[in-house]
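Structures for review follow.
Next come two complexes built around chain A: one with chain B, the other with chain C.
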Partner chain A sequence: MDDTATPAGGTRWTGNKWVGRPMSRLEDAALLTGRGRYTGDIDVPGTLEAVFVRSTVASGEILGIDTTAALDRPGVQAVVTATDLAATPGLTALLEREGFVTTTMPLLATDGVRYAGEPVAVVLASDRARAEDGAESVVVEIAEKPAVISIDQVREGGAGAVHEEAPDNILLDSTLFSDDLDSVLESSHLVVTKRVDTGRVVALPMEGRSAHAHWDGDRLTLHTSTQVPHMVRSAVAEQMGLMENQVRVVAPDVGGGFGQKCVVAREEVIVAVLARMLDRPVRWVEDRGENIVASFAGHEQVHEMTAGFTAEGVLTALSTDVWCDVGAYSAYPFTCAVEPLMAAGELPGPYRVPRYAARGVAVTTNKSPTAPYRGVSRPQITLAVERLLDEAAARLGIDRAEIRRRNLIRPEDFPYTGANLVTYDAGTYGESLEMCLAELGYDRWPERQERARAEGRLLGLGFVCFSERTGYGTPVFAGRGMAVTPGFDTAVVAMDPTGGVTVTTGVSAHGQGHATTFAQIVADRLGVEPSQVRVIEGDTDAVPFGWGTFGSRSIVIGGSAAHRAAGRLAEKLARLAAHRLEAAPADIVLENGSAHVRGTPARSVSLAAIAHDAHIAVQHLPEDEEPGLEARDSYDPPGTFSNATHGAIVEIDPGTGGVSIERYVVVEDCGVVINPLIVDGQVHGGVAQGIACALYEGLDFDEEGQCRTATLMDYLMPTAMEIPDFELHHLETPSEHSSTGAKGMGEGGTIGAPACVVSAVADAVAHLGIPVDRIPVTPQYLALAIGAATDNPDPGEQT
Partner chain B sequence: MKPAAFTYHRAESVEHAVSLLGELGEDAKVIAGGQSLVALMNMRLARPSALVDVSGVRGLHHMVLEPSGELRIGALVTHAAIEDYPLVIPGFEILPKAAALVGHWPIRTRGTFGGSIAHADPTSEWCLVAVLHGARMVIEGPGGSRTLGSEDFFGGPFMTDLGHDELLTEVVLTEPRERSAIREFARRAGDFAIVSAAVAYDIVNGRMSGARVALGGVASVAVRAPAAEAELEGAEATPEVFARASRAAAEDLQPPSDLHGSADYRRRLVRVLTERALADTLAGD
Partner chain C sequence: MRTDSETLNVEFTVNGEARRVSIPPRRTLADVLREDLGLTGTHLGCEHGVCGACTVIVDGEPVRACLMFGVQAAGCEIETVEGLALPDGSLNDLQRSFSEHHGLQCGFCTPGMLMLGTAYVRRAVAADRESVREVVSSNLCRCTGYQGIVDAVCELVCHPDGTGAGEDPAGDS
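What follows is the complex of A and B.
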């Protein structure tokens, strides 16, 4: 069946030829043969290299900055401090919400520094090495103040203020759901209280942040490694007092972002400002050290929960206080509220929680600021809820799978609106759980674990269920009170006179493979090959206004917009073909690059011929048709829920505490799979990142607020050697809320993996009474706890 | 992450290298494989004014087993060359096993044995092997050559007795042993070990003889564990003896605490890894 002529937004089409195929990525040939073009590759003659002088202390007052020695270094052309940037207001992220304190991030530290790594000056030189020479000659005098470094320190009170506006260091304190749970808890059979702590991590995209700007007299061109070109354009125009049409922002090939590049960085704005101020092209390429200590981090939270259960393990009520260490500044435009609001808003996840109370708090500290990091609070809420359920199951003597079965949202509940006022569309919560358990051999697990324990081996099995809201639309952001509501997106699909197709869209890939998936969607709509479809993103001069790529939004929102726009274009092609073939438009089938009359393949005309006429010989068009072949559409969804169950089997070396992952199983449902290879790749990368959060990565600070994990020798990003093979299984529940039936799935791997690994590790040492409620879980913690619990002087041989 | 400015000089011979080092003064540095030095320079933790590149110097790539049973290793022999050495070197079977634990393969193809010894990282595998096998370091300087034992050569973390105008040309491993093994624990494959343990002994009349236990990551340089060696010496090679020796190895120690491991954790690792290394020596039985 073919319905390429179905009106936009009408019935979902089903005759897919390309959607669903494991096509290898169209963008890879260039990327893998060195023909990718990243911001660092942009070469404009006369470019000055910028290096930031960064504060070496976490908190203090700037007494003076002496740039004379730096200006004397060979090759140094300029040194810029906050005084030179007085005309720029700084970045202010706004939220209209009670309990939110507005703060500003100046482009360069003005009178005080708030974290070690904060930029205080910029040195510009003919090349990077000379700029670094200059940077080390800038003398910054700072009167150091005691640093505020943790949530607990802030809660105890008495710490100095990071921002004057917030004497108690609280930038947001918001009760999202107030409900008096006392009586419900009192009458519950079991009440569990639990605290879960999660470590601070940094995204470490392969390509760090970087920007290159040049000013041509009345217009600025800024190449930048960003996920959100239009947001950067708005911020740069505002900071520089320009109309947005005077600013072109281009995200060329971008080597990963994971959220770190979905906010506007002060460094990229400064590069733009300086290009005009100095009338010279300016480039900044972040190095790895800067990316670790000075870029946006995330995920450091404390969850304090109280939950009631019936004797059968059914949740009666849940209350949570979520404390997020948002670091020194509120990132533009999402604000520092993004983590606490997400956590408190979505904690119940895939479980039915009849009564719910939630408070979200953003604590500011003298650490690098945070941005949305892949998963945004959902790795933490999943860990929190799953630890809670495991504990309740153990205390009630109920099987861990059974307690989940009794609380998961059931098929008959959809659409299900939870106590958190979130409406879940259909998913496969129970089904994915059962499938994962079967894959893991859960029914035979107790035996296996017993046998292993008898041999002195510590084996653990864990599994977790979660939901992942994807494609957040305008109402969600508006509901949070955000001044910027990045919900909709737009696509334009055009056919050129040769029949070639170009898609331009406001979403902006940085590794996700849109050039392939969007081509698959559009190729099916128009009856052409994906290789004939070119996808252009990330250039504000070339694409419609849009919000870029983050929050697993692109395939839901941008993909739907492209699907709808292509549908409109298909309608026009059908009308033009019908005119030529003397048939009714409804009888036209678009296939293999031509249009034919249904049932009579011989009555056909090539799309190239139609396209030629539509541009070059418009006298052949029907009278009421406009010239050209171009259609545009936008989409703004309510959000749609992917879901998954992750399961793992781990082994802990009782001597060293080292954890190895024997199996890792993912059963996930992201609706209609556009390209299975890309979905698998996203799951692989996401799970690897989640394993990193569970076992390896954590930014560590000393009492002065110095980052002690400032290199990749100390910040333990795992390698392929530490990451296991994955066993992936897919379920497909088509979404009602996207035109293609696809749901987003860019974050799920990262959401499930920390909780899953922790659950397995906890299972391995459950008989020793060792709590595992804090990530990353280190070998040292496990080894010493195992030693103490077993009091075994001989930890035993193991290979 | 760009180094401070420096000049570059390519040495043609050992003598040339020594004279260049003399001419260029105290701030000049030897570069061999560059696997430690370049990273330090990029972070500007090292800022030599000049580099004397010895990688083209001939005559420092040898591995020679002397009739005495000692093994001479040229300073420029790479980690990978040892790992992939096609023959078994009697008495020093630990070498390829240790080599495989040094960093990642690309690093091993460039990094050198002499560079590791001169760099003196407290958990370097080669420093551990040097201590295990009572190494003698052969040093060329303006006044000719001198030889130092590892006790005198290693001064502390990243510190040796090498003068600024001296070149390490060769390391002589002594005390070949019939049986040897190495174990270490690192969070990620290829990382520097948190703790490493190497053991070696001969079997004489069914009992252990010439027993040696060396530990890395527990002090400022690799150290021997005399109490553990005493437990092994003259005893039969049994799991019970190994367990006692491993406990003895840990008891003596006051290891440092840092980001990577507390003193308690390091003590535990010493016990575990020593015992496992000793058990490995029975693997062939």
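What follows is the complex of A and C.
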């Protein structure tokens, strides 16, 4: 039981009774009965509602803001502009890296506006409708400038500067790996060059962002819909000139995040600032239009790759330039470099690439800023590499599965360090591929596809392999040059005098079910039932300093910390029990709420009795024991790799270009599964989100930088009719870098699905010579291309 | 100029209890439930009638509470998520099924899904999975990929072999 003394990769606890069980979630009852409490549900008497006045143009200089008419509207209490916030320095995300340009996001637009939707003023009123009336009456005069709206426009040059500090609109240009590949490529049998484009999407948690702040004369309490309460606390304290102990940030129930809430929003900071300034509680609840247009977006990238292959399809070299449209500001605290550094750093994915060169570029444009959206560049690199492999296979006349077999990291390679200097722990790359192909009936696919084509039907089969690095620890972030390195996390496990257990942790769930999985982990270590374990998260007054939940870190880092802390507590319980039972601590077994001597179940004492003594009757404790039952531990791993193969069969309607998914198979390996129900749910939701990116969702902008997809009528989030039933299969390679053997897996679904769907769509139209190298693949695109390729008399019908 | 302070008195029942509110005419039913009655189980995900997070049952029919004004609910019987549990506070069959099939993650869409499902389950007999999917497609969920939700509703209305006779045509009456 002493794994706390061993380094990462030490002994693993195997006495599992609860870990591995598909138990229903402990958090469900409240959420199913309307007792969930989200930020927008918090109502303190006297609360003022805040509504933001947002720029209607994408780029321009603010000439004046007239608030007089707004202040005359009934119920309006105040209208605040940047002048009123002059004391706040604004949010500046830092990166210590050559080629990075530091910019600042002011809380409210100060001299200029940089995207349509940027907050310019805030109206506060007694209720939201009145605040909205007031916001309509604020007159903002802006001298409009031409907007910078695309990566290509920036690359062509001559566009105006979004930020003075970056006249060329490049906020990061970093060559991560330089290697002169010319001679390798020259001697390669085949060289493939390819450009892949991925659309701009928005995470769209069903609960938008919101915040409620309350100043009590000395201290601020901020409830906010966030994934990262401590980061918000740091930002708020800094902007308000407070010590962090004067700020309490609470993430109550949070209605999804997917990365959109893992950075600090200027709106949540403003709500905090105004609560003190006006000495009134202030609430802001974002509406869906704001969430689409004005919050953080993600995923818009251009990949330009060159790859060399032998005649047998073995990769000889790969170079890539990754261009990311990060929008108007660098999000705090991670910076806008997250996407380019992740893409360029991890492009080879699960494949052995002997020579590698990579450059990552962050381009600023007059669009809403970006945050690390679920998957963070890995959906894009998976799409890019898989398109490359499919093309190479076709040109070399090699089967698509075979070219992957020849390039995947092999079992004998682990631990494998790639040309990107990343070390992969063991996984099941080849095995998951074979299993997925068998499930799909890949052997018999050519006949089926031929038959379908003969009937005029367009059927396609696709599959993709990928690795999903999870539980990024401090060294990875430090290596990137980030000033904020959110690697470790901490848990405290305490037993109260009745034997009830409370876990407090710095991670912060928003749908992932930590109240259940952490309880399962801790229950096993202490020999109690999960229902006796309460997990507290998301309240900076109650939990240890931690980094919150993003990047599939919680179960690896927070879960390991909880596992280790519970192990320490178990040791103390064993010592106290040994004292009472006159046995050696090593012979004590904790089980079913009691401690007994191994082999002699009758010699036992209840944990509640030990817990009582440890607090209430400490005279019974051994002399050298401290009172209380509480243990704390932290964990900071190097990162651990989950892996998966996704496969899909799709059918395209040649008339409408609509794609329907007939089958979707996932074979994934995330190490030890703590709760299969929850893991499957993460895969389902992730794949659905990836399918959305592949086929349906895309923020669309006109030349002036106006978003044309500002409602859910235009921005098409898929429903239960577009999303198929999923077929899931699990492999299990326990991680050496987590105490439980679990690997993270929250993003995998979203990482694999876009590439998988595209691969299937491309297969369906391969005989027509239609390229599919851009997502979303819209019905319009497919219908027109299919029409043109088959001489359909009326291909333009859809448009 | 007309002031915005006019209010109207409206009476209806919510979860079987008679309620009376004094509300501005422009206030939606969703806001009335949340702000005036403190029933924050009804959520707002879009406020433009697409996501269904605000779904409640009005006179037996699932309704988007963000698209209905509070005053339009005068005299109606309204059911919300707060009224679903059994009298002893335990979960009803649909709620339990949602939990068993992991039909919820963040829980934000859940009240709307439950009310949609409740109205459907009351009238559907021997439905099939496809028709359940069609019903669930009225509302949006970002977390679950819908599979757990479809499973949960199916558990109550689908034949074990996944086939069914569809909706009971008499169920409307």
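Everything below uses one rule, namely that the second predicted complex is superposed on the first by the 781 of 799 C-alpha atoms of A that agree within 3 Å, B and C clash if a C-alpha of one lies under 4 Å from a C-alpha of the other, contacts with A are read in each partner's own complex, and residues count from 1 in each chain.
Assume contacts are C-beta pairs under 8 Å (C-beta built on N, C-alpha and C of every residue); 3 or more make two chains touch, one makes a residue touch a chain.
Model, not experiment: these values are computed from the prediction.
In the superposition on chain A, A:204 makes contact with chain C only, while chain B stays out of contact range.
With both structures placed on the common chain, the touch criterion links A:655 to chain B but leaves chain C unconnected.
Using the contact criterion defined above for the overlaid structures, shared-chain residue A:719 touches chain B and also reaches chain C. Within the superposed three-chain model, A:510 lies in touch with chain C and out of touch with chain B [touch as defined at top].
With both structures placed on the common chain, the touch criterion links A:448 to neither chain B nor chain C. When the two complexes are overlaid on their common chain A, residue A:684 makes contact with chain C while staying clear of chain B.
When chain B and chain C are set side by side, the one touching more residues of chain A is C. Applying the stated contact rule after C-alpha superposition, one finds that A:287 touches each of chain B and chain C. When the shared chain is aligned, chain B and chain C each come close enough to touch A:129. Shared-chain residue A:28: touches chain C; no touch with chain B. Touched by chain B in one complex and by chain C in the other are residues 129, 133, 287-288, 711, 713, 719, 721 of chain A. In the complex of the two chains, the chain B residues touching chain A come out as 1-5, 43-44, 185, 187-192, 239, 243, 247, 259-262, 264-265, 268-269, 271-273, 275-276, 279.
Residues 128-129, 132-133, 136, 287-289, 655-658, 696, 700, 708-709, 711, 713-714, 716, 718-719, 721-722, 779-780, 783-784, 787, 793-795, 797-799 of chain A are the ones touching chain B in the complex. If you check the complex, the residues on chain C that touch chain A are 3-5, 24, 26-27, 34-35, 38-48, 50-51, 53, 80-82, 84-85, 91, 95, 98-100, 102, 104-111, 114, 129, 133-134, 136-150. Touching chain C in their complex are the following residues of chain A: 24-25, 27-29, 31-38, 40-41, 43, 74-75, 127, 129-130, 133, 203-208, 253-256, 258, 285, 287-288, 510-513, 677-678, 680-681, 683-689, 711-713, 717, 719-721, 723, 725-726, 749.
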